[in-house]
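One structure below.
Chain lettering (A, B and C) follows the sequence in which the chains are written, and residue indices restart at 1 in each chain.
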Amino acid sequence: MNWPCSKAPMRKIKRRTDKQASYQVKLAAFTGPLDLLLHLIERAEIDIYNIPIVEITDQFLAYLQTMELFDLHIAADFLLMAATLMQIKARMLLPRPLVETEEEAAEEEDPRLELVERLLEYKKAKEVATRLQEREAEARRFFPRTGGYFPDLEVAATAEPVGQVTLWDLVQAFSALLESLLPRLELEGMPEEEYSIQEMMDQIMAGLDRVPRIHFSALFSGLTSRKAVVASFLALLELIRMHKVLVQQDMTFGEIVVARWEG
Amino acid sequence: MNWTKAKAVLEAIIFASSEPVTVKELSMILELNYETVEQLLAELNKDYDDQQRGFHIKEVAEGFQFVTKPEYADYLEKLKKVPRQSPLSQAALETLAIIAYKQPITRAEIETIRGVRVDSSLSTLLERGLIEEAGRKDGPGRPILYRTTKDFLKYFGLKNLDELPIVDDWILNQQLQIDLTAD
Amino acid sequence: MNWTKAKAVLEAIIFASSEPVTVKELSMILELNYETVEQLLAELNKDYDDQQRGFHIKEVAEGFQFVTKPEYADYLEKLKKVPRQSPLSQAALETLAIIAYKQPITRAEIETIRGVRVDSSLSTLLERGLIEEAGRKDGPGRPILYRTTKDFLKYFGLKNLDELPIVDDWILNQQLQIDLTAD
């Protein structure tokens, strides 16, 4: 069993969501991870500036597990957010160094801050989208003329069809296109790094052969690309699902750890 | 539905339709018989005349449609001469450039080069008479080929296509060919 | 030209044009000043209301256009000959909202705000002519910039970008307004 990253999540998750159809209807309505997160926050009626990260992360992961991820791009975006949430959670649970003064306390940045800022910005976009949707519905009740015989229809062939555009603009447009094409071709020419989920799963299990517990953050350290993070995270979810590993929070150390399932 | 409202609806339907509307269609939407529909249409046209409107409803082979009255043709001529078209968008310009240099070319080939759908720029260019269809390409689906028109040469002040400035021909042939065949 | 004839000509011009006609264009064709044109337009719309016509003149995208009155929409929806696009998806609306307020903006910038890839909503919006490319941003990779089009205003029935709803500190940047008036 060796899935390339691009196929695994879709097939796998699709198969086991039959009995959870009721969730999928709701989930289909989310346009992205921020949308889902905002929904969870609003539903819980909590202060956006003081998100109970542990609770929200758990809920986010629960949703993710029931999600039918048709589109790999979108799936990756949700998984990336899940990884971000778990990292924030890990940082929040770390024992804080004792601070001497109030200034020091103030300087210490809340790990949630960046996420809150993103959520607030996204919330505005969503608000505008809603307002646009209202205008759209209103505008759709006005029908313009689309047919009939009118001399205007012949305007195209007689008036200036190109406006102020000159031959030079045309040549420039083409040169610019070629220029933009070159880097794209180079990029496409490079072999894409493949991250197989099975490989990532094997890696985690091999790691657990050497040590009984692996810190969550260690799973992702050293992974530089977005694809690698996503594949690694998918591997972890898969292992949890297969009851091969267990994710726990060890209060003594405060970090999330991954351990073998002792079943 | 009262008489006045029925007239307004009738008028709105004929106005918004992209093609002439038949009495049958009007009758179905309004839930009125053919005779009543025809009576309403006649009354509408009488209103337009009485009120000296600039348009009226005309029956053509396929049904009813609005036309402007001939007495205003001179003003409508003026409308043609007012340079009211917006300049070509960057997207349309890029599409035109590709067609000019790679003609005849299919839509799919243009899309491969531009990396986006080009439906809307193609229809703008067709509408403005800058490009035209040039038969179909052999092969699956027999897609339509496009080429530039005589008007294209005229607007850009070219005698013929050979007068198009040479754009780094090597890059053109090497890179674009690769890109197109890769599709 | 007397008042009644001026009204009829005005009506015929706007009626015949498939694109909104600006006061400036109307003023040029009729050889009347802006004020008079606006007065005639107001009178025409009053006539349409008094006479319970099915359509009236609406100001949209910096111009004037005939549209059916909204109260007849239900009947028009029954007619198959009325071309209708499906409403935009929630995802496309979010992308469009961001472009409208932050234009010109790159794809990566939109993706940062939305937290998802926007390839597919961008190509939908480009294809429907609601956005267009607006050159390239300086900096690494020289990414393509996007902005809204005139059709965007038409689609949402907006007179101009100032009519966009105000949301907190999301305000149109000045650059953009200069950009559009220069068009």
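One rule holds in what follows: contacts are C-beta pairs under 8 Å (C-beta built on N, C-alpha and C of every residue); 3 or more make two chains touch, one makes a residue touch a chain.
Just so it is clear, the model here is predicted, and its values are computed rather than measured.
Among all other chains, pick the one whose mean CA position is farthest from the mean CA position of subunit C.
Computed centres place A farthest from subunit C.
Return the chain label for which the distance between chain Cα mean and whole-protein Cα mean is smallest.
Chain nearest the overall C-alpha centroid, as shown: C.
Would you kindly tell me how far, in whole Å, the mean C-alpha position of subunit B lies from that of subunit A?
41
Take the average of all CA coordinates in subunit B, do the same for subunit C, and state the distance between these two points in whole angstrom.
Their C-alpha centroids are separated by 19 Å.
Counting in whole Å, what is the centre-to-centre distance of subunit A and subunit C, each centre being its mean C-alpha position?
33
If I count partner chains per residue in subunit C, which residues reach a count of at least 2?
Those would be 15-17, 66, 68-69, 76, 81-83.
Multi-chain contacts only, two chains or more: what residues does subunit A have there?
143-147, 150-152
Can you check the complex and tell me which residues of subunit A touch subunit B?
143-152, 154-167, 169-171, 173-175, 177-178, 181-182, 184-185
Would you pull the subunit A residues touching subunit C in the complex into a rising list?
29, 31-35, 73-74, 77, 81, 118, 121-122, 124-133, 135-147, 150-153, 176, 180, 183
Taking the complex as given, what residues does subunit B use to touch subunit C?
4-5, 7-13, 15-19, 21, 25, 28-30, 47, 51-55, 66, 68-69, 72, 75-76, 78-79, 82, 84, 86-87, 89-91, 94, 116-117, 119-120
Which residues, counting only subunit B, touch subunit A once they are in their complex?
Its residues touching subunit A are 12, 15-20, 58, 60, 65-68, 73, 76-77, 79-88, 90, 93-94, 96-98, 100-101, 113-115, 127-130, 151, 155-158, 164-165, 167-168, 171-172, 175-176, 178-179.
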